[in-house]
Amino acid sequence: MTDQMISADVIGEHNKSNEAALGSDYAALGENLSRRGIDIEAITKKVSEFFVAVPSWGVGTGGTRFARFPGQGEPRGIFDKLEDCSVINELTRATPTVSLHIPWDKTDPKDLKAKGNSLGLGFDAMNSNTFSDAPGQAHSYKYGSLSHTDAATRAQAVEHNIECIEIGNAIGSKALTVWIGDGSNFPGQANFTRQFERYLSSMADIYKALPDDWRLFSEHKMYEPAFYSTVVQDWGSNLLIAQTLGDKAFCLVDLGHHAPNTNIEMIVARLIQFKKLGGFHFNDSKYGDDDLDAGSIDPYRLFLVFNELVDAENRGVKGFHPAHMIDQSHNVTDPIESLISSANEIRRAYAQALIVDRKALDGYQQDNDALMATDTLKRAYRTDVEPILAEARRRAGGAIDPIAAYRKSGYRKKVAGERPAVVGGSGGIV
Amino acid sequence: MTDQMISADVIGEHNKSNEAALGSDYAALGENLSRRGIDIEAITKKVSEFFVAVPSWGVGTGGTRFARFPGQGEPRGIFDKLEDCSVINELTRATPTVSLHIPWDKTDPKDLKAKGNSLGLGFDAMNSNTFSDAPGQAHSYKYGSLSHTDAATRAQAVEHNIECIEIGNAIGSKALTVWIGDGSNFPGQANFTRQFERYLSSMADIYKALPDDWRLFSEHKMYEPAFYSTVVQDWGSNLLIAQTLGDKAFCLVDLGHHAPNTNIEMIVARLIQFKKLGGFHFNDSKYGDDDLDAGSIDPYRLFLVFNELVDAENRGVKGFHPAHMIDQSHNVTDPIESLISSANEIRRAYAQALIVDRKALDGYQQDNDALMATDTLKRAYRTDVEPILAEARRRAGGAIDPIAAYRKSGYRKKVAGERPAVVGGSGGIV
Amino acid sequence: MTDQMISADVIGEHNKSNEAALGSDYAALGENLSRRGIDIEAITKKVSEFFVAVPSWGVGTGGTRFARFPGQGEPRGIFDKLEDCSVINELTRATPTVSLHIPWDKTDPKDLKAKGNSLGLGFDAMNSNTFSDAPGQAHSYKYGSLSHTDAATRAQAVEHNIECIEIGNAIGSKALTVWIGDGSNFPGQANFTRQFERYLSSMADIYKALPDDWRLFSEHKMYEPAFYSTVVQDWGSNLLIAQTLGDKAFCLVDLGHHAPNTNIEMIVARLIQFKKLGGFHFNDSKYGDDDLDAGSIDPYRLFLVFNELVDAENRGVKGFHPAHMIDQSHNVTDPIESLISSANEIRRAYAQALIVDRKALDGYQQDNDALMATDTLKRAYRTDVEPILAEARRRAGGAIDPIAAYRKSGYRKKVAGERPAVVGGSGGIV
Amino acid sequence: MTDQMISADVIGEHNKSNEAALGSDYAALGENLSRRGIDIEAITKKVSEFFVAVPSWGVGTGGTRFARFPGQGEPRGIFDKLEDCSVINELTRATPTVSLHIPWDKTDPKDLKAKGNSLGLGFDAMNSNTFSDAPGQAHSYKYGSLSHTDAATRAQAVEHNIECIEIGNAIGSKALTVWIGDGSNFPGQANFTRQFERYLSSMADIYKALPDDWRLFSEHKMYEPAFYSTVVQDWGSNLLIAQTLGDKAFCLVDLGHHAPNTNIEMIVARLIQFKKLGGFHFNDSKYGDDDLDAGSIDPYRLFLVFNELVDAENRGVKGFHPAHMIDQSHNVTDPIESLISSANEIRRAYAQALIVDRKALDGYQQDNDALMATDTLKRAYRTDVEPILAEARRRAGGAIDPIAAYRKSGYRKKVAGERPAVVGGSGGIV
């Protein structure tokens, strides 16, 4: 029996008052889908089996270099964070695992595991941090970490990653995600080639420490914190890394880490085709690495990414099991609400992709009937699948409208009373 | 007699050992220019009369939301900052004024003025800060400041700007720069129109408090810290602000605040034509508001901006006196060195623009001789005007190679001994 | 009684076989909306009164500088084009007007009017063309038109625009759209300021010739065909034009004419607020001025634009009546099908914007409840309003599924038999 | 003895009147470089041995989808084009080879070779064209070529490429460049994975036909003519192609084919490191594939690309011999002048990269002295190396100022008298 942060009563009462409307909408949608040859129950089942990991660092309020404006009841440490994560899962039944960031979440693995167990939460990919200096650290990452010119600094960064693997191993994680900020701010500051050689060498050292059943995810990003060049700047460099390291190395795609106008879904398709898609950091963006809620800016793009995933499923791509994780920064919303909403949007995109008439699509593609092909995607996309998502939640013990139920529960107010207020402000970084 | 942070001896010795080479290069350049009908002395004179303000906040090490890695001898407050600014001016003789940021630099204006006087520094535009919360502030700017939905928050932000004017007035400043982070992170979060109405109303209140001989600069920026919409998102909105407020209101152009691919020099031309160019925040960028050193990424663009300024001078545009300020974030360099280098690059662009053969250019433009027109700019641009810049510095008491002289002076080491080390790290904002 | 390109029988039969399913979906949607306090009939009525003009040049197959691949039954001239336009309107009942391009569509206005009348079509804004040279033209537009350095070339361009007004006047148009390609390909090729002065002067001459009840639309575009600078490069310059010319001058927004990442809906809001929004050229784009079908790449963005239009309607903005026009290039689809689909997508965005709960939205905005505010937009957006669109068409005599009915009608095959095949290929422009 | 399009007398006279000034500038530069430890003669020698191929299609006036405005004396066919190319080489002595485009330049290879010989011109990489339909072609490329869903269309495209190899083989070319426009305009139009599989299969067929001493260059491009997805969209996909095909397959980098803000020089470094850089299509761009003159928009970027090439040379990378080609569209200039100017800019970037103090740079990079590292590049970049370029031309029989000599020669006027005027205009593609 797991601890519940949100009482079953709150959820039960909420669902009760929304069941009739949901029933009506679900029936109408079922009838519509049935006319299109789709069994709504099959979709609901697949949706209810689709999960996405939440990031431990995502339940605290984010910020920018200009300021951070904390909210009420900010989590004080990893145990508070896990409780907040549990709230999300209890209401959505879509997020049974948490992704940790070390050293932020560093503590005795036994305690982590026990807390996870008590909340019914597992642990997804581990995340290392060599983009900032931890107190007392021997060598600074100011000029790089895994690709630093100094061997001792590189060794320290490698060591830290190996420690992340060890912690992860103790708590049941099966993957390490490596994102670094290494790069340069000025032309000439770094020799691109030597820097990449050093990076590859450090990564090879980490790779050696990887247990057999683990995967190593490297994450590319165009810029920030480095503003002229970044070592793993795009999927091309990322692919070279995964190819160089070996079969357990894969590329991680963060939707906000690309150049303007990039066709991300095509990159996803290429990585799948060449067996190197490791998984995702879901979020949305309008400008740069904005880390906004998944689907909040360009929901059709999110759908198109899932269209590739479902296409790969349908083609029976061998060994295809990408990791689904959220990576967002919640600056103006209650982080719990944003994560609930994002998990829902991700499932929405998946559900829409599932109801694409793939046989018809294939025919239109063969015939170069561009209009009907794109219309086939659009018909699926514009279907309001919320009744499916709500019903999947309801059946699994979650809430029909999880944000409404969360607000009703008074959880934020409760933790605001328990957790001391945090002062925000600016470090004057500008 | 002003206090000197860098002893005249250090500069004198440095110059002595570089004078012969400079003399030779200056003579050769003079001969080359003379063949092109240009008097090198006239250019050197104009360059030596061109100044750019340095930002008080720029002498501390910058950072990103991921981390800040402080350097040695970080300034502890505005008086340390002014001393660092003085170093820059002593070596370049190009930066006799400092731009302050309130409340970061808030202290008794009399002390500010006295310190400035002792160092031979004046004060340029004042900068208000309503993009972060100051300790003890009654109303938070989390959801906006001058455009906030709440009247009391708006009033507080207006009041803060008026205070900035008052401080500035006491120390000899003649302009207020208003940059706000107000905007939204999600579609629908704000009503664009009402938000802009509130902004205009607040700005009108500030404008009323402006002394007759002051100017009000509003600064546009595409995004960050707001990631879906920003109230003053581009020069179009900025122009509407300046038009709405009145004759003392002008637009400030920060080179890093535009959409990808934007032709910034054209915006500069438009604002000049319609009498609304207030001035610049110089820096350079490759991706977003990267705040890199001026001219470090795209030096030709900087030249093209100055080409517009010199063109306006040449056409005798009435009342044309834009404010030149640097606004950068120095994350991996000694901030003093970056500011020295940037001041130099800005003067370089100006010198290059001065030697454009404008009569020939005009003829080619009339004849639609695109190739020769652009070649006319390129001929000026590719001229190595460093001897002019160095000679202008030398004659004014600065250093022929100011970075070399600075390093020789041991200033950074000295202040590192006096000012306590600062611990960096990450707020876990990500 | 108008001529029908598509027989009423074809439409009637098509509708008959789709009525039952539509009835069921419409009832279910009505029930769902009613629970949300929305009367479906009110929405259906508003949608059926919303129209968008189709471009005469859009019914021919488009192309790129690399190649054009014509389709079957390409229209041979304006009368064929009008017949194709009529097909679109007969099936959608959403496009009762056509926008002409002169000199492409130049012919005796009486004949134009007669043909329009016979088809039940009216004429929307006239479009001038000074971006290419017409055979026999005295002065070339190679180096510009309204902003050319040569006065005779400018006069010719002005004259052409006045002729467009005259033709338009004779056929019932009430607006002139001016889009020019003037700009430069190289820094220095043109003096930005003088070029804009010449443009404004030419436009003033055109403005003088404008009948009292006409509007003049100027259209901005970032680049192409000019690749370094464009005279009307963005909405800032466009605003200055409309302000300088007078009350009958307005800005036209083409969705594909902006810098990457631009928040277009905010520009729309600003232009509405300052009474200078003239109207739209609807289309969609992923990279540049791709001229793809409306809503095909980023349907949420199209919705957000309409959200601003409906917000303005709701706020009762005086004199608010933007012109809605499609401007697309159909390179790989049957142009008639793309225009049918686009008209539908535009109405879809309008319908979705109509069902936004604006009272709730306003409350969330006041409270800075970003999550619920954006969710309020999303709830409306994700509603599948196709039953409303289909029902509006059906009631007005159009087709429930206009693409299906069009294909059934055999129209393309019929005109392919009548109109000679066109050879495509490349001019080797590359 | 080769035919000379520009008489030696014209060049001789021109040089005579410019020799004194050049001598003076060359001596001054030599003295300056010598102080920096650089032997000017060594640089001049390397520059004089650096060549870049000109594109046969580049000597005709280019255009956009909106219009083409031909110039005077447009070449009527490949033999006129070769004569124009010869003019460029005679004046610059930097462009001894021409790159052909088939079928545009298709004619009896013997005649091509003879004409080349008579002009002293060789032939660089061959270019195939499957992005437009040639008259009489059996299968259209409207929906793709090498990746078309139809096997017969793919076979036709493969066959065309093999024919290009055969022609090239007969005239001494050693490489085939494959650029295709294949992609899609709408989400769903093509299945990304199957399309790429078909492309790879077609390319494998071409690769099989490649002589042992040939190289196959595949060229990536983000968009245009396809506006939603492109099969070879970026260097990531391009790398996969080269890896899949084999050791003779390399990636071609066109500077205008990347997403906004892309760090192209880093891509160049990566491709060198993994032995897959085939060569370049040089040009410049501000927005998209603008095909402007090399170095005209961002000359520092061009320098940074050459910085990577010289760095690779210095590191002694094995088998490193990238192909240098220009690919531009000259819409508003005399194409011969633009190509002369571009060849010069490319050599300028090379010369500047040669004088980078690489030992100092390496030291600064090791020490993370970002400021001095970038300054080391800047010192080389801002050196006005025009005297070196001019002297290299002069010594090889070219012109000190090739544009001035060209204008003096009257070549354009002469061919305008011989070659009939071409009518421009628009295909109404828009």
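The chains carry the letters A, B, C and D, assigned in the order they are written, with residues numbered from 1 in each.
By our rule, a residue touches a chain if its C-beta (ideal position, glycine included) is under 8 Å from a C-beta of that chain, and two chains touch if they have at least 3 such contacts.
Computed from a predicted model, the values in this text were never measured in an experiment.
Residues touching across the chain A-chain D interface largely coincide between the two copies, over half of the numbers being common to both.
Centroid distances from chain D, each centroid being the mean of CA atoms, peak for A. Once the centre of each chain is set as its mean CA position, chain A and chain B turn out to be 39 Å apart. Spacing of chain B relative to chain C, judged by their CA centroids, is 42 angstrom.
Those residues of chain A in touch with two or more other chains are numbered 142-143, 184-187, 189, 222-223, 228, 260-261, 263, 286-287, 296-297, 300, 332-333, 368, 370-371, 374. Taken chain by chain, the contacts link every pair, so each chain touches all the others. On the side of chain C, the complex with chain B involves touching residues 142-144, 149, 184-194, 196-197, 222-223, 228-229, 233-237, 239-240, 258-263, 265-267, 269-270, 272-274, 300, 304, 307-308, 311-312, 315, 361-362, 364-368, 370-371, 373-374, 376-377. The part of chain A that touches chain C in the complex is made up of residues 21, 24-25, 28, 31-32, 35, 260-261, 263, 286-287, 296-301, 332-334, 337-338, 341, 348, 368, 370-372, 374-375, 378, 381-384, 386, 403. Interface residues of chain B, counted against chain A in their complex, comprise 57, 60, 62-69, 101, 104, 129, 131-135, 140-143, 181, 184-187, 189, 222-225, 227-228, 260, 285-288, 290-293, 296-297, 329, 331-333, 423-430.
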